[in-house]
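Next come two complexes, and both contain subunit A; in the first it sits with subunit B, in the second with subunit C.
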Partner chain A sequence: MKGYAPILLAVALLATVPLISSSNVVLNFLVMALLIALAGQGWNLLGGYGGQYSFGHAAFFGTGAYVTAIIQMRYGVNAWLGFVVGIAAGALVGAVIGALSFRSGLKGSYFALVTLAFAEVLRIVASVTPITGAGVGTLIKLDLRPEAFQFQSRAPFYWIVLGMVGISLILARMIERSRFGAYLVAVRENEDAAKALGVDATKVKLVAMTISAALTAAAGGFYAQYYLFIDAGIAYGPWISIEALLAPIIGGIGTVFGPLLGALVVKTLGEVAKLVTGGAPGLDLVIYGGVLILVVAFAPQGIAGIFNGLHRRIFRRTQPAEPDRG
Partner chain B sequence: MLSPVILVPAVLNGLMTGAIYALIALGLTLIYGVLHIINFAHGALLTAAMFAAFFTFHWFGIDPYIAAIGLTPIFFCLGYVLQRFIIGPAAHGEDRNILLVTLGLAVVIENALLYGFRADTRTINLPYAFNVVEIGSAFLAVPRVIAFGVVIVVALALWLIMRWTDTGKAIRAVAQEKLGAELSGIDVAHIYAVTFGLGTACLAIAACLLIPTYYVNPSAGNAFVLVAFTIVVLGGMGSVTGALLGGLFVGVVESLSGLYLGESLGQIGIFVMFILVLLFRPNGLFGEHA
Partner chain C sequence: MAEALLQVENVSKRFGGLLAVNKASFAAFPGRITALIGPNGAGKTTLFSIISGFLPPSDGRIVYAGNNIAGTPPDRLARRGIARTFQIVQPFAGLTVRENIAVGSHLSRLRRADALAAADDVARAVGLGEALDRPAAGLTVAGRKRLELARALAIEPRLLLLDEVLAGLNPSEIRDMVPVIRAVVDRGITIVMIEHVMQAVMSLAGHVFVLSEGRIIAEGSPRTIAADPRVVEAYLGKGAAGRMMAEGAAHV
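Moving on to the complex of A and B:
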């Protein structure tokens, strides 16, 4: 259980928030932060553990959102089922893009470029094809029943997204400790050496990308149910690609808690920016970009790295032999 | 359908647009060839240059073609400073970090422009913007013809700099063998910054050529840079000739596909071409296979 206890503790603590505060502002803020944490954990599995930096995770977020919305509005399918299909569709898109790029041997900047291009193609297609509602967007009909994945208050939404974040944390921890996780890190550190030792690098990256896409698609599907409206700019826009990579990088790339920590920090910064400027567009993203550069420059291991450094400095004297960190 | 009366002007117009694409791609490929990084801030810097060109006209009434003379050195310095004092030190020499730092810069620049100038789309009115030159059956807008000429002059000037000046030789040396260049006393950090500056200066010129016929808003540069990425990959990363030919080629393809498929599909065409090239010919059409 060691290593899972902090996850359960963090989730349990966060789960009490709606019981303490019924403020919609607080819940709204936390729902968005958890949504980014979920999408960010998706990015982290591929980018953090696998070293493949995607600049186009919007492709998966948007597919999850659109499929969840379209399948229930146009085909009358139950929203929960639509959500599951949306996640599967996102995973499929991830697998296809992954298969195409990894088989062509794209890595580094090339991989970043091709993922960005796929997300942009999907955005343009979604903004002109009739099935997505083209420029108007897709509206999910108001139907406030739990069976329809809609609720009277925000608390159930909050618990659902928190539950998904909890699952993503456990998943990340399981991968970290598995043979597959070791392969993934080996590919990140030195792909040629990993291959020489018999690791099927293409397959490992492909599996990571599929899981990664599924998590980010889940965030997209949840977004659609929460706001009941999406358009091409929201679903496939660059904002989500940026926030999905920002959260793990700021929180601590390639760590289990990185995306959650980072998402909370990023969203807090965004709120502060909004307070300062009275909601003028742009400034929050200026701050995000600046923080991204600062983190890369001065704290490449993110907040988790700073914590670990402090932890080590404080406990080094009292605990000479540090046991296996969880 | 293939009547030369329609086809010839489309091809000529495509060449004119392609020339500007080529100039933007030239900056990108120059930076890639020497620093071996993809500059994700290229689009945002182009947008910034377009705003600069717009406001020099709007506030001071300076014709964009004359403004280019002042804006080019300013953007050279901007690029130099960005590489020397932000990208270089922040990246710690790791490619993955450079990706993130240039992405961060792009986000900062683009959204600072959005914050400062809102999402409004702005255009300028030049008295001669709608004048045309007649070549055979084709009527070509004067700004496009000027752009084509300027790009050729700039490409030539760049070639001369690279071929004959000491700085040019140092740039080529660093591009070929960084360690060897460093050992022969070349200041690599300085050369990196000069190259980045040259790439950014290309954007200032491109912006001044674009602004008479195009609009500017905080994301205006992105469309061009995705095209430029396509061109750079198509022509072979780091190849200057490849960027020039690729630019003209893409300009013509876009013009023809716009003619036959319509505007929005023409835009997708570029992306699809881009993805196909990346997947199947990542070393460019003229490069050896990966």
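Moving on to the complex of A and C:
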């Protein structure tokens, strides 16, 4: 099917990396980039396609991470099942926050602030409640068996997160080509006009937010299994809210590949910053801020937009017979 | 005459201390154009917003196809066959003309390909066939007005509310647009139009209601309305009709 081929190609290419390089540094870097790509695709579905800018995707990431961890450690449930429940819990948190905000008609910066507030409240609650391990955090017991969603080497982790990114790319493409996607974009462009054409804007936004939250929660659950430790600052901290929105904005907001491209660029810049500055804390954020300003000012469609522009220019040059009707 | 498709009964709308619409009543009958005219600020667009569900009325009933629809949200009304255009055009600016119209076509079509194909047909019917792949943001004023009409038609409505689709067009653009609107009525769609371009109202409308300061002050055929002294006064001020009569008599 046209449109899915680039996705399969990109995933297939990335899948060969562990076969070429067994370096843990490389794989670790790519796992984190793909994790951000997954969380960022979640943000992109709601923010990029739906125009609802969330500053609090940590609420979903953290819920996915904590529920995956807590359900295994406290209730002895299988890690894979815990992971699925974590995704469901994240989706539920998305649906609840979405229902509360959209039914009260919150838009734009008000929506952004409310999502930020929810994420912060969850962070504070998680840092004091016993079930999350409060300030100490939650450890997942080491159990290096595939049944326990833990592996000896990093390669299986890498393929799993790559598989999830692949699913998120296909999902984004499917939504792009569906009625739901058309309605979502219509709501982003002009909510009143969409309503006049029979679009139930509240419902469309709510569904988008639920899917968005589920994807970001999947990234959170994966994070817990990968590092086997989370605390309130990691799970619900603002870092993930920022990276989840930075990746799609830099990569190309409202495009299928934007979050993946952006995540690779953002993570590369982060590593470069660490090398150059010797790991001075916070400097990666300064770099992110600088890049964000440049992208917003000079390439509002992000990296994907630059690619599309080049593609169009080359295409036009090779076909001079095509009359320009623009 | 057949039963009215739309019956507005004593509808009022209050914004704080301002009575924008004051017990307005009118009816629209199937297969013809009903025009709503009146000076600026008379409450015409407010009345449209109430009928299309964007504003709840403070008082009164709106009977559409036999049911009171007052207070029903706009998307539900759209699914029941009421389409509207916006006086200040509201295109999905980032989308192409085809994608804009397809949002409407999707109402009765789940598949993307079907909706896009239907959008092509609608675009051609309103004369936007050439502009299908252009971004909506790049259209001229006349193009945007046509796009408003096309999107509304794409939901295949029974009742179409047109809010000044001719405003801002030059005389030749108006001449091009009038047959497009007439073709819509000929397909059996009932139209209520707010319009300031009297030349178009005269040639299109079967029945005219005049709204002034929130109240319906006159109704009738376009010809009787144009001669009604209350209407002249609503537009030109109190006593204007009398003075014009006197002047007219003096010139004879």
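Some points to look at:
Note that the second predicted complex is superposed on the first by the 318 of 326 C-alpha atoms of A that agree within 3 Å, B and C clash if a C-alpha of one lies under 4 Å from a C-alpha of the other, contacts with A are read in each partner's own complex, and residues count from 1 in each chain.
We adopt the following convention: contacts are C-beta pairs under 8 Å (C-beta built on N, C-alpha and C of every residue); 3 or more make two chains touch, one makes a residue touch a chain.
Bear in mind that the values here come from a model prediction, so they are computed numbers and not experimental data.
The partner that reaches more residues of subunit A, of the two candidates subunit B and subunit C, is B. Contacts of A:E120 after superposition on the shared chain: subunit B is touched, whereas subunit C is not. Of the two partner chains, subunit B is the only one touched by A:V286; subunit C is not. By the touch criterion defined above, A:E147 reaches neither subunit B nor subunit C.
Contact with subunit B, but none with subunit C, is seen for A:I242 once the two complexes are overlaid on the shared chain. The touching residues of subunit A, counted against subunit C in their complex, run 177-179, 182-183, 185-186, 188-190, 192-201, 326. The touching residues of subunit C, when paired with subunit A in their complex, are 52, 54, 73-76, 78-79, 83-84, 86, 90-95, 99, 102-104, 106-107, 109-112, 115, 134, 151-152, 154-155. If you check the complex, the residues on subunit A that touch subunit B are 51, 53, 55, 100-101, 104-106, 108-110, 112-114, 117-118, 120-121, 124-125, 128, 242, 245, 249, 277, 280-286, 288-290, 292-293, 296-297, 300. Considering their complex, residues 37-38, 40, 86, 89-92, 95-97, 99-101, 103-108, 110-116, 118-119, 218, 226, 229, 233, 264, 267-268, 271-272, 274-275, 278-280, 282, 290 of subunit B touch subunit A.
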